[in-house]
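Chain lettering (A, B, C, D and E) follows the sequence in which the chains are written, and residue indices restart at 1 in each chain.
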Amino acid sequence: MRKAVAILLLGIFGYYFASIFLSLPFGEKREGVGKHYLENTISETGSVNTVTSIVVSYRGFDTLGEVTVLFLASTGLGAILFDVRRKKRNEQNASPIVRTTSTVFYPMIILLGAYVFVHGHLTPGGGFQGGAIIATGVLLMFMAYRKFEANHTLLSVIESLAGLTFVTVGLTGLIYGGSFLVNFLPLGTPNDLVSAGVIPIIYIAVGFKVGAELTVVLDDMLKTIR
Amino acid sequence: MDWMAFLVSGLVLILIISAVFSIMQKDLLVAVIGTAAISVVLSILFYLLQAPDVALTEAAIGAALSTIIFLIAIKKTDRFEE
Amino acid sequence: MVEIMISIPVIFVTIFVGAILTYLIKLIMPKVEAYFALLVSAATSYMAFALPKTESIYKFNLGSFNLMWGNNEYSHLFAMLVAVLGFFVVLYSMDFMAGKVNLGFYYFNLLVSIGSMLGIVYSQDFLSLFIFWEIMTWSSFMLVIYAQDEKFSVGIKYFVFSAIGAYLLLTALVILYTNSGSFLLEDNINNFIYLSSQNQILVIIFLIIGFGVKAAMMPFHVWAPDAYKAAPSSFTALFSGALSKMGIFGIGLVLFKFAIQNTDYFTYFQFALAWLGGITALLSTFYAVFQTDAKKLLAYSSIGQLGYIIVGLAVGTPLSIMSALLLTILHGAFKAMLFMSAGAVYYRTGLLDMNETRGLIRKMPLTFLTALMGIITVAGVPPLGGFVSKWMLYEALIQSNYYFLVIIIFVASTAAFLYLYRFIFSLFLGQEEKEFENVKEVPIKMIIPMLLLAGFTLAVGVVPGFVLEQISKAMGYLGIQTPNWENSVLFSNWENSSVNLMSVATSIGILFVLGAIFLTIKNYRSTRYVTTKDIHTSGEVPTENENLTFAVNFYQPFERSLGSVIKPSIDRIFNLIGKNIESAADYLRYIYTGNGQTYAMYVILFFVVLILFADLMFGFKF
Amino acid sequence: MEFSPVHYIAVPLFAAFLIPLVGKVSKELVKLIPGLVLLYLSYGSIMLFPKGMENPIIEIIAGFKPPFGIALYYGATAAFLVTLVTLLGFVIWLYSYKFIIREPIEKYYMLFMLLITGATGIMLTGDIFNLFVFLEITAIASYSLTAFLRDKDSAEAAFKYLLIGSFSSAFFLLTVMILYTYTGTLNLADLASKADMIPANAKGFALLLVIVGMGIEAEIFPLNGWAPDAYSQAPSPIGAVFAGIVVKAAVYAFIRIIFLFFKTPEVLHFIVIIGLITLIIAEMAALRQHQIKRMLAFSSLGQMGLVILALGIGTTESTSAALFQMFNHAVIKAMLFFAAGYLVFHSGSKLIDSVTGLGYDKPITSFFFSLGALAIIGLPPFSGFWSKLNVLISIASEGEILIIVLILAASVVEAVYYLRIIGKLYTRKEIDSNPRRTPISGLLAMGILAIVIIVIGIYPDVLTQWLQPAAENLLNSEEYIQTGLF
Amino acid sequence: MLYYIGAISLILIGLYAVLVKKNLLKIVIGLAIVDSGLNLLFIAIGYVKNATAPIFSSESLTADKMVDPVPQSLVLTAIVIGLAVTAVALGLVIRLYDHHKTLDINKIRQLKW
């Protein structure tokens, strides 16, 4: 019954939905703010990766919100699972192969993550991707060593400091540059590692923050009963 | 039809099939693998759509992290759908 | 100096701030609050008396609306009623309520309700009238629930009806406001004719029902008996005596300031309202007969009397209006007396069930006297005031050719004897009982207001002129030409003769006295004092304290013959409506199934319905 | 550093990131920080408020002019609502101070602060995608706070909220997509000026998506199934935040978008009808509730229905009346949630029946509840009366008598269930005196709200003078476009 | 065009799972699939034929031969938000399972009416 109703409703919904989007020409160039970004990214932000310049500079406020969302997720998960967790994991370690591999790969993955967010303004990738990669690395260790404990204090300090860095950069911009999150550092030469003003700073902060937050999320979930 | 369109249609087909598979599968573990497959395919599609940033994100977040937290959740609850 | 001091804002500040202070004083110094409340109400009453009737106008703006307070003859009449009764009730409460819990709450609400009634009559605009109306409603609601224990529906019923009335009122006010752009009474009266005819009728009906609910007009009376019973007797006196009169105040205003402008339909309104009043009077009298609870009995009686008043207003001849207003004042006095005496009985015995009380006449003679004078007034027997007003009403009705209504009213007022007799018999007459041996007369602070009110009814009966003077001025405000009258002489239009009420009253009074003497003499012989052992009870010898006068099933034959007609009452219809709404609400609640997925389905369903609607109705072109 | 609108977002975020660090040092400090932040913001609001009332303040973020960068739009309406939110937020913090005794306290305050930030962001932002981000912040904070308490019902409520909330965000994201696709911009003012570029069917589809997507957050009728659960299961101060802050932000965003892009008579009629249906169904459903907070939740839905209805009328009078009603609802419902929180705490049960007789045992809390109940029904001389009166007058001047009658019929129902509780509170019953007392901070919070209710009830002009510019700002799309784009 | 079809199918399949599947985890999976579909749709809209990624990694690339970067940056945000919501949802699922010992949504309805 429910199935039939759902299929009927989704059929009608899908029909109209498709009729709107399928009439949209695919791969056509459209006018809009995107053009402006592409044309001015280097002169205005110094970042060659336009996506990064949009994410961190033009729409940096969104990114602050995005970081906040992740922060909320880790905080919220902590609140939601506060009573459910409490049990130490007492299972066996994984097989020696996994352990060795993990130990070898762990620093490499962390390094990869760091590379990704440090080069956010030059190559694809950035704080979020890098942070996620770092968290994956930590997860590997979680899986390999059952006794591997994430240092919660350290993580939350990293989380806080990274968040504070982001907001402080923003507020510094407000004081020195006249508006929140403004790029108050020199832009440098495009395609240099040290360029694009505050973008690397923000992305590094975001990278640390995301890495720490996702680790906390994983840890929170792993620590629950069963 | 060039090979590009062929590739894309193949990927989209995989996408749809794995989506249907993952919601039909009674074993949630397998279903989650299905969603991971969706993410991987999506990631490739993003790359083909000239969005390397998004592709990287989808791979790191969608395919890896999101799958992992699903797996953890399944481990903490029931593996099989009644 | 004093003249400057006394203005309407000062009155309001006195009573409302006084109310709050009373509440606070109760918290700090218990036992003092009653005296403080008395002081506040005395000051207020004094100022209400001394308030100049015409010049004291106070204008101000609130929330972008122009508001105005002012006194006029019509307001003054009602203000007097409120002020006097309010003061008496506070005085009466001092002993009556002594020792009860939460007295701060009681006095606060009592004073607020007195203040709000004054507010209603002094309002010269509909907005402040409505505001005070609602304040009156909730403060009286608080007093109704004040004494209740584990019985909730009473207060709710009162409030629901009040809310319905108030919201109809509000709707009407809002319509009027959009017409005239102002809430001032004057503007609305002047601009009323510009309203479309349909809206005019709507407004009048809404206003009349809105005010009528408070005046316990049928079929909106069902809250009254329960609410009157539930409230403390001291407050019931004010409730029935003054608060319900606010409805009359409003109806008078509506009929003669607004409805009269709609010439096409005015006669229909009059006719409908007159009949409504008549039916109210008749039915409530029958209901009253069947009550076993003294306060409920009085409540129904009160509804009936308000019915007379409504008839009087509706008939709309000068004489009938005058009678209605006179009855308004009188009813305030005698119903307060009756409730107070019932309260006095309750104060001493803790009983209100007429099946259980009896024989208190010797224990509480002054209370008995008050009650007796009260019922004589209700019945309209000379020489008390009730007679005057009834006489006027009959005359007015006959003049306006409402012959059938006269019969109804007459039947109702005759039937009133039945319940009044029962009231006085079961409370005060009959055999004395052991359990009431220690009952004493109530304290002086309760007696004084009762006796003063009784004196007032007597005065109205003998020299109605001093009240009629104020009434005729009030009628002047309503734009009604007053009938000729002198201090105790009423010039009838009836074949141009004049009726000296005094002589009529005296003659009827003498008749009654003679009759009483005759009966006494006649019965003197046949009366014999018996001991309990002297009665033949089928061979059994009754014990000493066995009760031999019965007030149980007092009117059983009557009830048997009429009960089936009256029982499927309006009360039940309303209960049915209420039940149905509640069960509808219950079904509606099932929409919220508790299943998150169903809610998700609603979202999609809603979207699909919208999309189909948008496509089929508008083709996506809004 | 002069106070500017971005402080509303930056400062609480800074504090929220700071709390975990401070938490390592002292728990008491954790409790104090939100209060200090909200106090600072309240102070700033009062400074900024008159300026915002005169001329809209556009604050550019990151130094890029709109439409290229994100800008905050602090117009009269936003000024009015944001000031309300910060002041109310402070009172709610005051109430939480002693009410939240359950660990993890620092997480509670972080989430609480971010929830208020999110709501403020919704009101301030001038960019549609940024709006989406703030909606998500608000939503995720809400989900987490709904599940904050230990019991299983709270988790259930939070899951339902999340499920429906995900629909909301998906639909809203789709709207953003459609609008961006056809106009190539994300700035609200720019979008509004280019709204004609969107073909009719796409625009219609976007409208429906907005109605459903934002309607979920604004709690219109068939979409509000999550709301009673979430309101009733969240901790009481959070219930107050939902009723007083979150839904206000959602309704504001909803109406702002509708007025900017889709302001046609048909749409407005539809909004009136949907508001009316919401009002009636919610009040009816509230009538038969057994739990006090769930009843308050349904009442809240009804009140928001009234607000939406009034906004749908679309005249200056009705809009200002609606804003007035929003204000009153925020203040009064917060007070009711506060008082109900302690009534539930004192009686030890969520059921309405269990409050019987508490009026004598806990007179002050009961008094505040009664005051709130009388005010929300719209009885004078409390603030609720004026807004209801203004709403009715604005409807009557459109000649819709039937709507008035229906609203008032719903109000009668409302009166019934509120007074039923008052009746129970003041019914005599032998109950064991309960040693628990309502703490001073809770009483202080309720006292502040009570004073607001009474002062505005007696002298509404304190507030009404600000309503006119706020309403005009909300209605005037032209001005929004011009000022928003420089 | 194929991308659109794929994206819309993903959205509909995800919605179907949310509306019909009884298992809480399946519902969360459905939500994740809907998110994926939305992301794909948005990126597909921003695509320009024969254009390159919006990164000026060499001098030869010009602005007019690049895809629209705005949808990409927005989708970046949306993916992260999606992850956050999924994490919270799964946290709730774990807690619900802890309380009710079941994942059937029909059995988890204490709050109703």
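Some notes on this structure:
Note that a contact is a pair of C-beta atoms (placed from the backbone, for glycine too) under 8 Å apart; a residue touches a chain by one contact, two chains touch by 3 or more.
Since the structure is predicted, the reported quantities are computational estimates derived from the model, not experimental observations.
Any chain touching subunit B that also touches subunit D appears here: A, E. Using mean Cα coordinates as chain centres, the one most removed from subunit A is C. Look at the CA centroids: the one farthest from the centroid of subunit B belongs to C.
The interface with the greater number of C-beta contacts, when A-C is set against A-D, is A-D. The chain closest to the protein's centre is D, with centres computed as averages of CA atoms. Between the Cα centres of subunit B and subunit C there is a gap of 77 Å. Distance from the subunit C centre to the subunit E centre is 68 Å, each centre being the mean of its Cα atoms. Put simply, the C-alpha centre of subunit D and that of subunit E have 28 angstrom between them.
Our note on geometry: subunit B versus subunit E, Cα centroid distance of 11 Å, whole angstroms.
Residues of subunit B found to touch two or more other chains are 51-54, 57, 61, 65, 69, 72-73, 76-77. Multi-chain contact residues of subunit D (touching two or more other chains): 129, 133, 136, 140, 143-144, 147, 155, 158-160, 163, 180-181, 186, 201, 205, 228-229, 288.
Residues of subunit E in contact with at least two other chains: 3, 5, 11, 15-16, 18-20, 22, 27, 41, 44-48, 51, 53-55, 66, 70, 72-74, 76-77, 79-81, 83-85, 87-88, 90, 92-95, 109-111, 113.
The list of touching chain pairs reads A-B, A-C, A-D, A-E, B-E, C-D, C-E, D-E. In the complex of the two chains, the subunit C residues touching subunit A come out as 597, 601, 604-605, 607-608, 611-612, 615. On the subunit C side of its complex with subunit E, the touching residues are 589-590, 592-597, 600-601, 604.
Contacts from subunit A toward subunit C in the complex involve residues 2, 5-6, 9-10, 12-13, 16. Every residue of subunit E that touches subunit C in the complex is listed here, in rising order: 15, 18-20, 22, 27, 105-106, 109-113. The touching residues of subunit E, when paired with subunit D in their complex, are 11, 18, 24, 27, 31, 34-35, 38, 41-42, 45, 70-71, 74, 77-78, 81, 84-85, 88-89, 92-93, 95-96, 99-100, 108-111, 113.
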